[in-house]
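Both complexes below contain chain A, partnered by chain B and then by chain C.
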Partner chain A sequence: MNAAALHPGRVQRAIALLREAVRIPELALGGSVFIGLLLLALFGDFFQTHDPGRSDLTQRFLGFGEGGHLLGTDHMGRDVWSRLVAGLQWSMACAFAANLINLVIGTALGLAAAERLGALRNVSRQVTDALQAFPSLIAAIVVVVLVGQGFVPLVLTLGLLSWPIFMRVTNAEASSLYTRDYVKAATVAGVSRIRIMIGHIVPGLRATLVSVFALHFAALLIAESALSFLGIGAPLGVPTWGNMLAESRQYVLVEPRLLLVPACAIILTVIAANLFGDGLGVHARRGRRTEDR
Partner chain B sequence: MSELLAQLRKLIVLVLAVGCALFFLLRAAGDPAYVIAGMNATPEQIVAVREQYGLDQPLWRQFVVYLGGLARLDFGESISSGDPAMALVLDRLPHTLQLALMAMLLSIAVAIPLGAWLGARPDAPLRRAVSGVVFVLQGSPGFVLALLMIQLFAVELLWLPSIGYDAGDWRTWVLPTLSLAMFSAPSLTRVIAANVVEAMHEDYVRTARAFGASFSVTLWRHALPNALLGGAALAGVQFAGLLSGSAVIESIYGWPGLGSLLLESVSTFDFPVVQAEVFVIALLVFLVNASTDLLFKRLDPRLRDRR
Partner chain C sequence: MSAVLQIRSLTLHLDRAGRALIDDVSIEIAAGETVGVVGESGSGKSLTALSVLQLLPGAAMQIAPGSSIRLQERELIGATPATLESLRGARVAIVFQEPMTALNPVRSIGSQMGEVIARHCGLEGSAVRERALELLRDVRINDAERIFDSFPHQLSGGMRQRVLIAMAFSSAPSLLIADEATTALDVTAQAQILELLKTLVRERGIACLMISHDLAVIRQNCDRVYVMHRGKVVESGSSREVIESPKHSYTQSLLASLPARRPGRTPAQSLGECVLEVVDVAVRHRRGQRGFGRAPAVVTAVDGVSLALNAGETLALVGESGCGKSSLLAAIAGLVPCEGLLRFQGRKGRPEPGRVQMVFQDPQGSLNPQWPAWRIVSEPATVNSHLTRRTRRDLAAELFAKVGLDATAIDRLPREFSGGQRQRIAIARALSVGPRLVLLDEPTSALDVSIQAQIIDLLVELQRREQLAYLFVSHDFAVVRQIADRIAVMRQGRIVESGPALEVLDHPQHPYTRELLAAVPRI
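Let's look at the complex of A and B:
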């Protein structure tokens, strides 16, 4: 007899998950839009109709669809659609990388705090409180200016500053998991603390962390575009949504399209990520309820 | 009294942490002399800057001098204008406080009735639609909403000026206040609505209803006050969010507050000003957090004896 019949495999589990996902409207809507945007970013090069950096001063301010430009051209005759896709790639990559750093730092500190590693717990709490109390964008502005412009400095700044949310969620969730009977049983049975953490606590955190990851993704995307908009995130000339918005400000009278297109793109992406995260949160809570039964 | 002492201890930790972070960040980012003297400085200028700012001293001495300055709230002079950095910051502070206060008041004025209305019957069709709008507004980046509002009210409708600040002309205040309120009003509305929904299912509300209190009385007299306590506990977080927001909003509207000063000083690498500014902002957020903390321990008996 093969193992797949006894244990539902990955495929079966994925199908079950999808079936459940459809029953959570936030998850279905937000998830499909978000995954669509993710695919667009991953395979962006296929979807770009023009080189996003190439300008043609004879083709400035073309409207929607004019001259083969889907969303027209900007003040330097560059293709707005291709720049939008390039901006999506930049934002997604930046938010994703920073989010991973946040996840690792926050989860590690949260687990340490929940495991009651004495001093570490106090220190991580204090640092978390302090970081969370300080206006995040102002901290990011100061740090990013010190470490310099560009992709890596931006990712490092956001990655090192905005992990407290992961720390708090992990700490709260893990602390409650530590009071569960199966964890106590494992402790009594003499399972080492490390193995309990990796084998019993971390798997229980997964669903919640995925939801926080999606929600925080939206926050990072906003922070990244705000920094670029202020002219201290992405280097000048790189096609990002923040830069596109900043450049559009000189042409609000001539061409509001240059403002509206990236504005809609940011709002759509952020809302999709928020919905996705909320839906995943509903899913995580439902999973927990069936577990408790 | 012990509460005050606890807050004081927190304050000292905070001041030291922020001070150390700034000190080491500036030095970790490279030789501050180059940063201060600018990109095109000659070697002689670099040496002069090192002497002037004491950067030729050993690190520990610099640190001691720096901490001494910190204790006296003296961050040195602005590199670009030569004025004391702290004075520049304090000069801008009232404008930011004014903007943040106006935005906060507007948020509260909108969020309380709207949140109560949404939370009273969350499943009514119109309210579901409004909840959707609030959700979208909460998710949308504030600076993008600000740009869209400028486009609508200043460029298309020509109702309000798009930029500039005039202490005597309230019309220059409207869009910045509205924009900054977008950072706090949607989330506040959602928190209050969620709290009202929860409170309406509490035993005390059911009891009041059973004793014949009307729906609106239970909503406004029983459910809402408790919902507000939960919302008000977020005041510190909201305030920090407003300060973050003011950095972008002020630079969009040319509002002469801390946010635009920060961006000016950051882009000219005017570190004394940046340090003074970060320090003042940290202090401000701390004061708001500490006072709401103390206030709510008095207002909410449930918080009083919990440690």
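Let's look at the complex of A and C:
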């Protein structure tokens, strides 16, 4: 017997939720494109028609569909489609991992500040202000130059520099939740602070955090592409959208295709993630309104 | 004299197929007459008022054919938006319940009044200011110049409502609609505003439609009354007749559940142990943020209060908003720090967990909207012991039965219960660990009168059965009379008078208590 059969209410609720979500156009459109891209990244190996790293100098600058290459080949005769998929995998993994670090640090500090953990509150506020005042892309450049290239340094750099947004949102939202009467009721009843946090506050943040996660994902994706474009993100030779853009610059007049394909991919992913995040935000607000009724 | 407003068989549907929100309602108001519409929430009384100017929420609402609303012989149903626009404010003025949200917080009273006056009276320059000051004086504001330059947050609720009434009268309307205009105000402010409305209506010979849930307010201020129930007018007539000898069973039950009509409480005979002792407690709030070299302003909300409470006894704290009663309650609950001494069951310091519980005013905000009822109700019980899901559900079902709720409903979410049921859930939660003291912060003031009566009965019954001590905060003397053994009247952070309930209510000693009691509308 599966879980669905044991909890018929849950399945109905999920279906109702899905039906309601489809009614928000941003969520329906952004969500389906974003999830499609996510699946493409996860099962990318099945979709790649060629080895993205293998060059064939006899097959340079082939156009769309020529010689079995869906999006043609680049200046080294490498398959553009397969490189695009590999770049998607890299970007998604990078943005996702960095975002996860952001989420954990930002939410923890935001919660601590909202819970009024004395000194931590002031310190985290000062650090947040300092970080937000500092142009994080320039900071990222400095760090990467000092630490070196590669997936882990890149993720850590992006992850440790851009969490303030999570901290701010969590702090604002949690502070308002802490003023609710049901939190007071729990406090009067003697429920411990940590249990109030886990039981009442964190579940109340979920919807907002998911929305911010999607929105911030887009920002991180752009930051990663920018770093790669500057040649300090992904190591040389790794196919990423930033690298593809950088390499295509020299041939932009001869073969604009090489520039347009990764550029369009970035635009599509960022728009999808933004729409998805906006839609989730709308959904969260609507849910709150029905709760308040 | 012909009717200023004539509503004939008004019927309003939520949508074409939906049930009628207002069903065949006919209301007539003559000049110089104040007519009340009374009913509980959801009875359609406010919708009726809004439909006069077709300010109905949502385009989906359908006014059924055959309905007619005539303002001074002019049909409003089917009128063009431009016509309605010209009537709103000019011929018909509305005063709403919440005087804060109706004013723009970032603009001075003068500039907001000036805008309205310039539009309605076609005045300019200093004439606008003169007219505004004149209007403010008309609503009995003595220092009109100071109010003119003030911002909304600097004024009290009663003062804001006066300003709104002044604005409403800027265009010499022929119909004034007061939609629960005094519900959000303290009794003394309410009495003043009602008196003001009465005088203005009489002086200018305008028609007034007064929407209220409060039968006493209607009785004192209206010539005629319409009683609404589920979208229908069930009874109408002169307000004296309807309220003194109601014919319809709904009106009768509404009157019977009025706190003032129900028997007062007989003081508890034997008192149990002392549950709570408060000695010289003060609560100070810091205003504004602390910064470099900036000392925070301190506001003293509670200033040296002492009281004691025994098991099985109810002490009511009464006073106007801002008198410190809620701050005192929060201090006893341990929600805000305080100076002085608190003793629970003879011991200093915090009480054992669960021994003190709290019930809040707004039953909606006090229940976590994401939690099923069983989880909410059994939460305090999980503080001291780890309970399995099954025990928690059993406990919840037991508590539900105790407060008169269907024990099979424990899986529902708060939004699936009505207001009164939600308050029962909040009470069930307070009872879950066998408390000795329950702090009740206006637990009935957000509820309709019939529900209010049920909740009071439930509280009294539970107290008798479990020997609970209640500290009951309220501004409603009629409710206090039913539940309190003793009363403490608070003003500006101090207790100005305290004593046995009936003594304080019937023979108040302190002038402030007398003033408060005199302001309470009576039937």
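Here is the rule we use: the second predicted complex is superposed on the first by the 283 of 293 C-alpha atoms of A that agree within 3 Å, B and C clash if a C-alpha of one lies under 4 Å from a C-alpha of the other, contacts with A are read in each partner's own complex, and residues count from 1 in each chain.
FYI, contacts are C-beta pairs under 8 Å (C-beta built on N, C-alpha and C of every residue); 3 or more make two chains touch, one makes a residue touch a chain.
Computed from a predicted structure; not experimentally measured.
Contact with chain B, but none with chain C, is seen for A:Gln126 once the two complexes are overlaid on the shared chain.
In the superposition on chain A, A:Gly204 contacts chain C only, with no contact to chain B. Looking at the superposition, the partner that touches the larger set of chain A residues, chain B or chain C, turns out to be B. Once the two complexes are overlaid on the shared chain, A:Ala186 sits against chain C while remaining clear of chain B. In the superposed model, A:Ser136 lies in contact with chain B only, and not with chain C. For the contact definition in use here, the chain B contact set and the chain C contact set of chain A share no residue. Residue ranges of chain A in contact with chain B, taken from their complex: 126-127, 130, 132-139, 141-143, 145-148, 218, 222, 225-226, 229-232, 245, 248-249, 252-253, 256, 259-260, 263, 266-267, 270-271, 274.
Those residues of chain A lying in contact with chain C across their complex are 180-182, 184-192, 199-200, 203-204, 290-293.
The touching residues of chain B, counted against chain A in their complex, run 13-14, 17-18, 22, 25-26, 28-29, 135-136, 138-141, 143-144, 147-148, 150-151, 155-156, 236-237, 240-241, 243-245, 247-248, 251, 259, 262-263, 266-267, 269, 274, 278, 281-282, 285-286, 289. Interface residues of chain C, counted against chain A in their complex, comprise 333-335, 353-354, 356-358, 360, 362, 364-370, 376, 379-380, 382-384, 414-415, 426, 429, 433, 439.
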